[in-house]
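Worksheet: the structure to be examined is printed underneath.
As written, the chains take the letters A, B, C and D, and residue 1 is the first residue of each chain.
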Amino acid sequence: MSKTIVYEVEVMFGDCDPAGIVFFPNYSKWMDGASLNFFRQCGLPPWRELQKTRGIIGTPLLEIHTRFLRPASYGDRLQIHTRITEWRNKVFIHQHVVKRGDELLCEGTETRAFVVHPPEEPDRIKAIPIPEDIKALCSRRESGCSDSSAC
Amino acid sequence: MSKTIVYEVEVMFGDCDPAGIVFFPNYSKWMDGASLNFFRQCGLPPWRELQKTRGIIGTPLLEIHTRFLRPASYGDRLQIHTRITEWRNKVFIHQHVVKRGDELLCEGTETRAFVVHPPEEPDRIKAIPIPEDIKALCSRRESGCSDSSAC
Amino acid sequence: MSKTIVYEVEVMFGDCDPAGIVFFPNYSKWMDGASLNFFRQCGLPPWRELQKTRGIIGTPLLEIHTRFLRPASYGDRLQIHTRITEWRNKVFIHQHVVKRGDELLCEGTETRAFVVHPPEEPDRIKAIPIPEDIKALCSRRESGCSDSSAC
Amino acid sequence: MSKTIVYEVEVMFGDCDPAGIVFFPNYSKWMDGASLNFFRQCGLPPWRELQKTRGIIGTPLLEIHTRFLRPASYGDRLQIHTRITEWRNKVFIHQHVVKRGDELLCEGTETRAFVVHPPEEPDRIKAIPIPEDIKALCSRRESGCSDSSAC
């Protein structure tokens, strides 16, 4: 089990639709922000640096699955609780739980892979085996640290 | 089985991310556009009119499930093939298949419900049983008409 | 001169375009968020409440003018410094200065009006004279309070 | 004076805000789409190809100025009439007029420049003098061709 990192967003007027509630694709956008934040909080540099040093250009999505339980609206502050629930050979599963304080609003999983441009085909992207050092960074638990953005 | 309606979008530069490919939440946005287009092509008025006449304010999402197979970029023209694969009592399942010509890029399902503001609690939304006339409209197949936006 | 309120945003990966920099319409979105935040920090309730009590549905835009000086990218934290530089009879001018720490990235003005649905034409929107109490709320300066989101 | 090219968009539900009308930054996004479409219709390849052949990575914005006259909502089809009103040494002015049939909804100007990554500083972008051949492509008028996307 990985660390859990909390990412906070404030819903803007422009995130909401004519029904006055968050337009649902924004949850996917915020989960993507929470994923990147997760890796940054675990100690990874931004993709643009990782691309220079190791060729890794990011963690694109293979699959998403999201359930919407309660609506939110502009002015609400949401907390996205993000962790990695499974590491496979070339993919990993992110879980995001979106809350407004104690209320559960939405939860989703993402299947992602670390990708590079293969040297022989620089216009394509290709998944690589999950780098062990990244896995270790995301999994490490310092004593006394659990489920908090302060980890 | 319902009709299949095709909705076309052209990918804009601003739909793409720093990797140069479509930022994935845009697929959800386009599927939402394809859903509304589906109902309009089946003969339903816009939600703002249906709200006045029947109280129906739209078909919000309960759940989405999407798989991303191949990337797209700006300038690409995508066709979203949309149908309803299942009608339950209060929810229905939309299937969206996103293609670029013959290539399959992405496919997803949405679980949606028709909702109203209940008179006793006008600030809330509540699912209603699928209206039979709407089901009939979406399911009707004229002879010789299949898988086309001209249906 | 009004108060100045600072609104902070963190740039997400999905806010950036294939050139790797913020896609410019996002600055308009953030300025809109900064405008709403300005009124909330000045003590106004959200539009959905103001609509019920006074019929005011928001402050839509009549005109925007924005200059882009330096690019930003994902992971950057931006501060939007927002104030009202002019009150006319039925419109007011918002000024937004977007900074990354000390660096000036972008600056813009917005011309906005407070609007209502006129009772005789509920489908339309109409500008009203700037309410004096709102003007007072936004203009009031407590002693020792200047240019800070803590005002 | 340049050609005028018409770009059409259909407003989606998710383009609209809680007031039920187009959230204004979307006009900037569509004008950006209309700008790219303008250059493609004039015969330019996509930026990703122009970058490989000539180092030109796009035409980022220096300034925008937009006036909003009438609102639009989902389901509306809008036509954006785009031309270049001025060529200076290193910048050019785009004019976009957004209509819904005969109704004028919005109009804006954009100040843009063609940019490259200077070889000596590959992380920066730098404006270049407007290439004469591109200017010629955009300005050429075939006989009998005016104000139409068919030009």
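The rule is simple: contacts are C-beta pairs under 8 Å (C-beta built on N, C-alpha and C of every residue); 3 or more make two chains touch, one makes a residue touch a chain.
Chain labels with UniProt names: A, B, C, D = Acyl-CoA thioesterase.
Owing to the predicted nature of the structure, the values given are computational and were not obtained by experimental measurement.
Residue-numbered contact pairs of A-C overlap by over half with those of B-D, the repeat interface among B-C, A-B or B-D. Remark: among chain pairs A-D and C-D, C-D carries the greater number of C-beta contacts. Distance between chain B and chain D, defined via averaged C-alpha coordinates, is recorded as 29 Å. Centroid to centroid, with C-alpha atoms defining each point, chain C and chain D lie 26 Å apart.
Here the spacing of chain A and chain D, counted between their Cα centres, is 33 Å. Multi-chain contact residues, meaning those touching two or more other chains, occur in chain D at positions 13-14, 18-20, 23, 25, 29, 32, 47-48, 58, 73-74.
Residues of chain C touching chain D in their complex: 18-19, 21, 23-26, 28-29, 32, 47-48, 57-58, 60-68, 71, 125. Of all residues in chain C, only 10, 12-14, 20, 29-30, 32-33, 36, 40, 46-48, 58, 73-75 touch chain A in the complex they form. Chain C contributes residues 13-14, 16-20, 23, 25, 73-74 to its touches with chain B in the complex.
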